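Chain nomenclature is as follows: A, B, C, D, E, F, G and H, assigned in order of appearance, with residue numbering initiated at 1 for each chain independently.
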Amino acid sequence: MKMEVRLSGSGGQGLILAGIILAEGAISSKLNAVQTQSYGPEARGGASKSEVIISDSEINFPKILKPKILLSLTQKSLNEYLKDVDKSGIIVVDSSIEVECREIANIYKFPIIDSSKEVMGSSVAANMVALGVLSQLIDDIDTENIKKSMIKRVPKGTEKLNIAAFEKGIELFNMSIHANH
Amino acid sequence: MKMEVRLSGSGGQGLILAGIILAEGAISSKLNAVQTQSYGPEARGGASKSEVIISDSEINFPKILKPKILLSLTQKSLNEYLKDVDKSGIIVVDSSIEVECREIANIYKFPIIDSSKEVMGSSVAANMVALGVLSQLIDDIDTENIKKSMIKRVPKGTEKLNIAAFEKGIELFNMSIHANH
Amino acid sequence: MKKTVVIESAWCKKCGICVEYCPVKILELNEDTVYIKDSEKCISCGKCEQRCPDYAIYLQKTE
Amino acid sequence: MKKTVVIESAWCKKCGICVEYCPVKILELNEDTVYIKDSEKCISCGKCEQRCPDYAIYLQKTE
Amino acid sequence: MTERTKLLQGNEACVQGAIYAGMRFFAGYPITPSTEIAELSSLLLPKIKGKFIQMEDEIASIAATIGASLAGYKSMTATSGPGFSLKQECIGYASLVESPCVIVNVQRCGPSTGLPTSPSQADLMQAKWGTHGDHPIIALSPSTVEETFELTVKAFNFAEKYRTPVILLLDEVVGHLREKIEIPKAGELEIVNRKKPTGNKDEYKAYEYCEDFVPPMASIGEGYRYNVTGLMHDETGFPTNSTSETGKLMNRLFDKIEENLDDILIYDEYKTDDANILLVSFGGMCRSCKDAIKKLRKENVKIGLFSVKTVWPFPEEKLKEVAKNIDKIVVVEMNKGQMIQEVQRTLGKEKDIIGINKINGEVITPIEIIDTIKEEYLRCLVK
Amino acid sequence: MTERTKLLQGNEACVQGAIYAGMRFFAGYPITPSTEIAELSSLLLPKIKGKFIQMEDEIASIAATIGASLAGYKSMTATSGPGFSLKQECIGYASLVESPCVIVNVQRCGPSTGLPTSPSQADLMQAKWGTHGDHPIIALSPSTVEETFELTVKAFNFAEKYRTPVILLLDEVVGHLREKIEIPKAGELEIVNRKKPTGNKDEYKAYEYCEDFVPPMASIGEGYRYNVTGLMHDETGFPTNSTSETGKLMNRLFDKIEENLDDILIYDEYKTDDANILLVSFGGMCRSCKDAIKKLRKENVKIGLFSVKTVWPFPEEKLKEVAKNIDKIVVVEMNKGQMIQEVQRTLGKEKDIIGINKINGEVITPIEIIDTIKEEYLRCLVK
Amino acid sequence: MPSEIIKKNLRTNRLPHIWCPGCGHGILMRAIAVSIEELNIDKDKVCIVSGIGCSSRAAGYMNFNTIHTTHGRALAFATGIKLAKPELHVIVISGDGDLTAIGGNHFIHACRRNIDITTIVFNNNIYGMTGGQYSPTTKTGDFATTAPFGNIDKPFDICELACGAGATFVARGSVYHVPNTIQYIKKGLTHKGFSVVEGLSICPTYYGRKNKKGSAIALMNELRDKCVNITKKESVNEKELEDNIYIGVFKDIITPEYTDEYKKVLDKFDK
Amino acid sequence: MPSEIIKKNLRTNRLPHIWCPGCGHGILMRAIAVSIEELNIDKDKVCIVSGIGCSSRAAGYMNFNTIHTTHGRALAFATGIKLAKPELHVIVISGDGDLTAIGGNHFIHACRRNIDITTIVFNNNIYGMTGGQYSPTTKTGDFATTAPFGNIDKPFDICELACGAGATFVARGSVYHVPNTIQYIKKGLTHKGFSVVEGLSICPTYYGRKNKKGSAIALMNELRDKCVNITKKESVNEKELEDNIYIGVFKDIITPEYTDEYKKVLDKFDK
């Protein structure tokens, strides 16, 4: 298996951390994973991205040219990266975002930011909510491993709330699947 | 013709200037000439040298391996450079210097330093006295051209005394030649 | 000649500095930008303009 | 225990500093080195040793 | 995931490897994309009684690094292109006074400030030729996070064994990449420490012309009181103007590297056995090469990779051996063509040598390699 | 001796040549064996309304030099190895912002402080590869005092014509040598000045992708108010992260040199017509080669010299042409073997290429060259 | 539509700038624009030289002759420019890292030479551009990404350093005290000789976050509360003396200026 | 046979040194030897670090751990040595060029950090080693090989610079005032923190010759006549104030020392 995930949004939304946790979860699940991100001052204002490749075999080239999954938490980042996504790919966006795209079959819209506000009182955990959603799209990673990594990586004292946000994400996804059925 | 002259002594005796004047005199006499010298802090204490090659054709390699003429104003410098001089070469030294060497035919001893004291009241013009001697050993250079260069190169106001020292050198040489005859 | 406060929303980064130091407290932030709650109360002191790092708020001369 | 002035001629560079500042003026230069004109007059003040850049003159303890 | 399986950035693995190798001193000055190396060092070193200092600039950083090395510490500094340029004078000093130390350059796109966050491999030649005067140098370039750990350990080992500065030439691709790494257990990798003098302290010669070319090294404060100078020096370490002493010193410096190439040269072959096309690459670009090879092999193209880890000295003999039966050589590098010059020199004009290069801050993708191979060697592929 | 026939040191001829070429700004920091260049500049420049400044170090010196160049002055700095290492970062800057200037390196024996007063030619590779990142460079190396004058003029001309830093690579042999020179009359040598913009000030693009690759250059204060940056930039001079703009910029920088090789490459052939042995050399060592050739020719050895004056870019095509019918190539250089690498790369393995090298601070004498030739090619000489 | 002052002095097509929300640098850049405008200096004759850092990015936004150089070297470049063309108004914009870390040497030498350049340092007590490492002006005990256990370095007082090195005009303002800061910059610009104006800036992104000092506003409030005019230094008590940050004009003397002196040398050969 | 103090502290087999007749540097080197001897410091723990210059050649003659580094960088090397091994007595010997021209940045940062290193600068107001170019301490109007029309630069006052940069012990002596100089060096060596002792030296060969100040003795006499103890500064008149050179202790305070503070960080992890 090989899964290429791009997490995009604006700087400060914690998508790098989310990517790291996802990659670490994959590794704990005995997979290979690489994580990369865009850097630099120019990344500050504009769209920022974090990329994760997960595979059961060796991963060499570490950049993603055609993501299988694109997560976007801002309109700007969706606009920038939409074109790269494969027709068979998956797009996950916050409900606030408009997706003008007919070619891609799998488009998921969730109230990711609002859910964070609901759980945490602010949008800071939107990344973890998103991670919850993503965890449900990537079968090969054990959700528990993502949680373990999360507990290790988030600031001390915020573990519980982040887990809650993560679980909120899982819930969002499952509800929507049910809705779709 | 090709003439290789090494002027040696201790730092501060003005042998670099003497070398430059000699080379410039050669150039004014429509010859080619190159002048080089030893540099650096290490040259301060030890023996210092200035080398002049004069030729009527192109001069490429600018260093002197076997000087035709060696001038030494100190014992130290003679000891250091004597071995390089060809058997057919010429050695010019101050009277105060001991020359233990039987192989080289042409050894000239002159009271160079004392003559400077005589003319200038100090040893500072020993270089010019020596230059006077050397001028008589190198036929192809017009003595007047050496004088012209000297006037240009010595500190303003000291021209006359330097010329006097130079002429004293010529005189020393000519007297000795007469004596030898 | 009077001066009125003008906002260039596209440049506002919502740092809140102008809001904090407006002596008559007539500025406020929303999701996208700063806005003027009550322009009548503005005393044209210019403190918002001086301290806005993004030149998104300033006083403009009006006839 | 007295101190007497010693000269290490091989190191003397004839700068004349010791000569100049010897308070009793008993040092002098020749062609090669500094020398002591009258060692009896030395007051062992050490000024020559302190200022000699070449460690060529110094006071030595004698019994 | 065992305790020792970790997700680490290349830059982090470098610090972990350094500490594993015994680094206890780091002096640096921040610069993208190397800064994480300083940051992690500042966090980890104090916990193991190590010393971290942020100096006022890159020159001071390498100077302090060499100072600590002379004081007996395994020491490192890290930077990127602009800082690497500034460190050049002192790299020559470290080389001439034979002070072990590791200098990391996480390459970014240049010249000058360039594209500070974009990858490049254009400091390859600089790693060898950046300082004035002839001098030997060892430079290593890893292509994975795990290799970064290993080669950092190697870098310290070489530094200590040969009393020489060693350059670790990372690139942004590897430095900023996070991937899986299995941290070796203590004792699992060999750790080399500098040879220490044992004889009479008064007779110690810090720059002795000894048989293995590497004189034992005393640390400041151990009672040897020797002299260190960047001037040419004799065996005792004191300045000399003698050309024969200078010659002896310079020859020993080169000999200690050139006589130990077997130990120093590290490289890897990938599917070269039956290859008729050989990719040559180093650092992060080996990754693109491998993916390209995998795909091309599926199309029955016989292609392999010679990946150079010890980039200096360049493994000439080994390359000749690997390329013996291969005519088509493709050098893949994120620069205008630097390693290709070594390949050309080594293999001569009988071989068909081309380069795949990029100098605009983008990595070379596997597709680009595949396309070039197909374009260039259509005939040979078809046959 | 006419007014214009002079006995000058190489370093002095450099200053005279620079002033002849239009140098009106010099910033430097003293270092043996280049110091006379600063000293003479400090004496002569004020007399012709030129500016001389001694800066606090070599980095400041090149920075001030570039600054003055941007302000419209023909400017120069001079140094030796250690200072040249320090200037590297800013050389890359000058290259990327396309600021004309001349950087003199009077080489001395290194690495590090080395033998400060002894000759060497070991900064040849550094002149090309010393700064980080790919960049084009022009470097010239004279072998006589007269040539020093001429090549200094050329250096300024190239700098202005191609908006690029030019390195004048002297060696101590030539720098400190006094010999005869005929100073050219005003107008006798061509003097090139930078192209100036003429169009609308608001539309001026300081980094335009123009046909001859060299955009016109406005000086600070002339009303153009453009932006200069060492970041990658677009045609307008403003920073860009675009890889395509970066690629275009980098390509133009290389093109402006590579498309003008005919103009830039300077070399000399000496008795090569019938030669079956070819010496290749540069700078001061050409002098030893010539004397060796004269003597060997007397013994009927057919030997000639290819003397390289434009050392960077290396005159590959010309060398190929000269060496077409010659199998034995001997590269003579005061270093561990630097130019020989270019010769090997250029001529390949069919040729028998050897080096005569010295790295101990001594010059290579004609006798040493003669001896080596006799030893190596006894057979071919006898035939 | 931007304000008049911005339109006249900045390159509006390059705005908004890359600085973070609440970054103090924008406030200082405007202060410089206002100063130039109010002094009515010929814009073609203004040359802004900067190094590398968030602060140094200012050059690219300002509509003058602008030179964005290498890290730390702005003053050395500027010295070449000013000596070449003394008729230019040369202004250096630099950060605390750029000016006093890697650029420290050029700074003290420019002070010493008393060359007529105005240096404005955007001092946010941190390396912003590279992500929050401690700088030579980071206070002892503060946290930074390379000082995870608190900074043990003692900070420079940039104004004291400038005075010790021989600068002839030295002042300090802040992003809170904008009118004062503008006044100091104007004084610096009109001063004949080397002038230094330190502008206390704020970096909410790194300095603020690392030191749990929160938002831009919290940092601005700190400036408001701690800054005291130097003229009042005499009258504060011991405890305050330590806590206070002094702003105002620290030195303002006239000694021979470098390019003037150079001109005198040139004039010797004028006849 | 050399004196006891020389035998014990210098490498007599390397003497006589390369310095010119009458060069002041030998006087200062001896003063350092006497200071170390009188303080009875363990010689194996003394590390002398120098840069490049006539003055910096001192290291090679002194019988301790001696490190002759690159031009201007001695203090940066020394900082690495001291931080690595705080138990060493690290002494930097530098010239006015080495320390305040190319090395100026490392100098001000060592002052700022207050790291326990003693710097002794042999200030002869010229670059001796390279043949007499003006240095950052050459007085305005003096001549040098690169100032043929008189120096237009303003000189640093090294002690003021050190104070401005944060050094905690700062003193100035001279080759004429040897006992005082020894006293200052001893104070510097025992001071905990960064200490600077400026030793006014003389270069008869270049400085003397270029400025027609003649011999070593003439230069020594000038030091004798112009040097006034700083404690007397208050009581001199205006004219003298300008002409005088002040010697003595300029600053002597105690603030936290760098390696001590570093140790505190290490101690946090001690358990």
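By our rule, a contact is a pair of C-beta atoms (placed from the backbone, for glycine too) under 8 Å apart; a residue touches a chain by one contact, two chains touch by 3 or more.
Remember, it's a predicted structure, so these values are computed and weren't measured experimentally.
The chains in contact with chain E as well as with chain H are F, G. Counting hops only between chains that touch, chain A reaches chain H in a minimum of 2. Set side by side, A-E and F-G show the greater C-beta contact count at F-G. Chain E has its Cα centroid 55 Å from the Cα centroid of chain C.
If you average the CA atoms of chain E and of chain G, the two centres end up 39 Å from each other.
Looking at chain D, no residue sits in touch with two or more other chains.
Listed for chain A are residues 40, 42, each touching two or more other chains.
Across the assembly, chain E contributes 32, 46, 56-57, 59, 82, 89, 93, 112-113, 116, 229-231, 241 as residues in contact with two or more other chains. By the touch criterion given at the top, residues 101-105, 108-109, 112-114, 136, 140, 149-150, 152-157, 160-166, 255-256, 258, 261-262, 264-265, 268 of chain G touch chain H in their complex.
Of all residues in chain F, those touching chain B in their complex are 1, 5, 7, 32-33, 116-117, 173, 176-180, 286-288, 290-291, 294, 363, 365-367. Contact residues of chain H toward chain D in the complex are 1-3, 5-6, 10, 15-17, 19-27, 30, 175-176, 178-179, 204, 215-217, 220.
Of all residues in chain H, those touching chain F in their complex are 52, 70-72, 101-102, 104, 127, 130-131, 133-134, 136, 145-149. For chain A in complex with chain E, the touching residues are 20, 23-24, 27-28, 32-40, 42-43, 58-63, 65, 145.
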